[in-house]
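Okay, so here's the structure we're looking at.
Note that the chains are named A, B, C, D, E and F in the order they appear, and that numbering of residues resets to 1 at the start of each chain.
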Amino acid sequence: MQDTITAIERCRKPVIAAIHGACIGGGIDIITACDVRYCTESAFFSVKEVDLGITADLGTLQRLPSIVGYGKAVELALSARRFSGSEAKELGLVSRVFGSKDAMDEGVQAIAEEIAAKSPLAVTGTKAVLLRSRDLTVVQGLDYIATWNSGMLLSDDLVEARAAQSQKRAPSFSKL
Amino acid sequence: MQDTITAIERCRKPVIAAIHGACIGGGIDIITACDVRYCTESAFFSVKEVDLGITADLGTLQRLPSIVGYGKAVELALSARRFSGSEAKELGLVSRVFGSKDAMDEGVQAIAEEIAAKSPLAVTGTKAVLLRSRDLTVVQGLDYIATWNSGMLLSDDLVEARAAQSQKRAPSFSKL
Amino acid sequence: MQDTITAIERCRKPVIAAIHGACIGGGIDIITACDVRYCTESAFFSVKEVDLGITADLGTLQRLPSIVGYGKAVELALSARRFSGSEAKELGLVSRVFGSKDAMDEGVQAIAEEIAAKSPLAVTGTKAVLLRSRDLTVVQGLDYIATWNSGMLLSDDLVEARAAQSQKRAPSFSKL
Amino acid sequence: MQDTITAIERCRKPVIAAIHGACIGGGIDIITACDVRYCTESAFFSVKEVDLGITADLGTLQRLPSIVGYGKAVELALSARRFSGSEAKELGLVSRVFGSKDAMDEGVQAIAEEIAAKSPLAVTGTKAVLLRSRDLTVVQGLDYIATWNSGMLLSDDLVEARAAQSQKRAPSFSKL
Amino acid sequence: MQDTITAIERCRKPVIAAIHGACIGGGIDIITACDVRYCTESAFFSVKEVDLGITADLGTLQRLPSIVGYGKAVELALSARRFSGSEAKELGLVSRVFGSKDAMDEGVQAIAEEIAAKSPLAVTGTKAVLLRSRDLTVVQGLDYIATWNSGMLLSDDLVEARAAQSQKRAPSFSKL
Amino acid sequence: MQDTITAIERCRKPVIAAIHGACIGGGIDIITACDVRYCTESAFFSVKEVDLGITADLGTLQRLPSIVGYGKAVELALSARRFSGSEAKELGLVSRVFGSKDAMDEGVQAIAEEIAAKSPLAVTGTKAVLLRSRDLTVVQGLDYIATWNSGMLLSDDLVEARAAQSQKRAPSFSKL
């Protein structure tokens, strides 16, 4: 079960969570393994496991602290209390709160398209390097990105990005 | 002296800090070793050590960054500036600000009772796993909780939590 | 190039960033290596690298997550979106937003003077210990500061700080 | 390809390598992922990758140093030199050298049967805890084994091992 | 129980194990927490826990690999086989094998006296820094020893060591 | 001073130590930062610092344990005892002992030429990846080498190595 959820994190492409309604227990495990999170005003959340007599074991206790901070994660996990979409924004769990499900669907679709139009190499590299750096010292993380880019910097995407910029047009990247 | 404060962190049960009045220097060492923090509006805080000509050495510099973020911790520790209860909330240092000491005493008592009524195994497990995961990679933390739960999942608490839920009554757990 | 930016972090004295106008790409690399960050209301920011077809490799992906939290850092780095000074404050990237460049220059000058008037040993120790602890477990970080202070606690700064306090005068420390 | 070899390490049961003839390049990747290694006198070994113009990438550079020591691993990997079964024993790469393939087959079969007759819980626990501890601090590793055993100590295997010992008979354990 | 054994490791002074006769199970836990190990020819050893149906949990699985190498530790722990004093030397578990208990008692006494005559600051510093460095990256370990020595280098022991050397006499250090 | 010695380790090309005569204190710091070590029969060694009243601070305490094992490093550093070239070989500190300085000069020259004739990309990659992996978990090290090779695998060196092998000639690589 852990692997199923970690698969979201391992997916080379960014994964965006758009949350509406209840996001409880396993829902928190899933959204914390996503790269970016959005929700509606009527969404609500709870790290519910203690109320079920168990210790959350699918990733919430590992990933939530790096997203909202250790102290907030402890409070949410020990109390299992319900919190709203706007508190989720305040806690740093979601990046934006939309007024309705329609607004969110439209907004998130636009964000997804915007990211999808960017250089695939740059986008997958950014996701990969952020993930690896999370578990490395800063010195090790700097070395990792230098190694990563030594294989990537000569890519066509960089050339195309520069050409598009100087020609004031949208860049067009080939798929990975 | 470090061990005295770390003992709060090592206590199997969650420790809640209810802060009223001045929380200065060693006070910050203590509350950052607690699991959850609440304060009154008139509480005030300062990471005061640099003003005493010393480098804080009882845990603030190790624990505050994971609670409020590295950048904010640096600013508070270098400036030693005083900040209010409501800024403490904004910084993520406390989870809630109460209007008066009486309101806080009552509110925190209620929260403590609520947590105490939950499955002791789930509560102590959640605290323990969050603490260990703070210093592990995500892969290691996921393996740790899987190991933890392999010893715990068959507990009576899980059965009682499910029974209580289906019978729509409050669960009653045995002590650890 | 990484070393140039890491030099800011390695500087024994605190480095304060005062940000006005555009802070884009390499600008984010630089300010995240500083110890404290302030900006004006009209400052704006962007982790721009993905738009250039590259993966940021001068420190943003390593240092931004510990400052604003992992989730927010991912969102900013994948979207490359522009954000304002006040959002930078809300994200935890800057510690204070000033109404104008003049107000910021004056305010930051005052903060810098205040920190400069403190015990140099305590200030450089606080910076050094926070930096090392960022990449250590809490147990290791506590041992590190104990070792640090075993060499520092008998310093004249501590004596001067106490004398000044009891004599209700400003302390006067010798340079390092 | 890395996952294929790491699967040996992840296998809950111990995996024994019995090496005869050439063990070159990928062969070293495989045997270093095994738990125990034996070879014949006529076996020979080489960390061959540099001679093929590549950097070994299936695990040798990660696992060989912890088996033979960092210095010896560097020397073997940079020189790609061929070494004999008896040097492999001296280097600590194999645990025993047999005079012939027949002697090895018989000897390793006996060892495998001996391990297979032991408590499955104890054997898989020992492998798992050694593997996890390799990548943890000693403090973290001690906490890990304590957590592991809190779920395992009440097992029937312990009871059976004690009973067999006091009755001076071979224990008989149930399968996992 | 773990703490009892870890106390040997935490003792500021070096602890020497002199092993005669059987060193089995818990005996291995104890000697791997010591700083230096010697034995007699007739000493014998076994990591016995799997034969008792349990996973060793007092430190052997955490400390033995760094002493004898990971591969040898796995083989010893999975097989629980008995090995002699001279194999212990070959494995790197002990530093020297003595012909008899009397010879060992005399020899170890001499070694202990020799170490005790050295600068206490240097001896306890060497033990402490080796222990901390075991769980740090090399970069972190180098920084740690630099911090350690910044508090120690001006000690009287250094002056006395130099004076004694130039005067060709044995140094005489004050106790810690 | 630490940086001077670490520069040996950071050098992209392998550095070989050929040791004749006394290798004491700082000498051990230097040779443990080298990649491969050879010595003559009359060479002798001592981790001498405790005899000078100081704790070694230029790398011996950080690098020696990974080369000879933790237990042996502790014994050598606490006793400061002198050991011979052949014991250095037995301890794993050197890879080979030569009968005379002339034999060593000739032998090491031959080894250096042999390594220099190999693919520069493969040789520098092997050194770099071994160094990084020393301070990473195995999972992280495997990911690092995969990233490293994604930038390197299409190099001309690989093609040349294969061509030379099939044409049974010595390969000829271009310089880095």
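The rule we apply is simple: contacts are C-beta pairs under 8 Å (C-beta built on N, C-alpha and C of every residue); 3 or more make two chains touch, one makes a residue touch a chain.
Not measured: the values here are computed from a predicted model.
Think of each touching pair as a link: the shortest run of links from subunit C to subunit E has 1 of them. The fewest steps needed to get from subunit B to subunit D, moving only between touching chains, is 1. Looking at which of B-C and A-F shares more C-beta pairs in contact, the answer is the pair B-C. Chain copies subunit C and subunit F are related through a rotation whose angle, from the C-alpha fit, is 180° to the nearest 5. Shared numbers divided by all numbers used gives the overlap of an interface; between subunit E and subunit F this overlap falls below half, so the copies present different residues.
Ranked by separation of Cα centres from subunit B, the top chain is F. Distance between chain centres (mean CA atoms), subunit A to subunit B: 25 Å. The distance from the centre of subunit A to the centre of subunit E, with each centre set as the mean of the Cα atoms, comes to 47 Å. In subunit F, the residues that reach two or more other chains under the touch definition are 68-69, 134-137, 139-140, 148, 152.
If you sketch which chains touch which, the pattern fits none of the simple shapes: not an open path, not a single ring, not a star, and not all-to-all. In summary, the structure contains touching chain pairs A-B, A-C, A-E, A-F, B-C, B-D, B-F, C-D, C-E, D-E, D-F, E-F. Against subunit E, in their complex, subunit F makes its touches with residues 2, 6, 9, 49-57, 59, 61-63, 65, 68-75, 77-80, 134-135. In the complex of the two chains, the subunit F residues touching subunit B come out as 137, 139-140. Subunit E contributes residues 14, 35-37, 66-69, 92-93, 95, 111, 114-115, 118-119, 121-123, 125-127, 129-130, 133-134, 136-139, 141-142, 145-146, 148-149, 152-153, 155, 157-162, 165, 171, 173 to its touches with subunit F in the complex. Per the touch definition, subunit B reaches subunit D in the complex via residues 132, 135-136, 140, 143-144, 147-148, 150-152.
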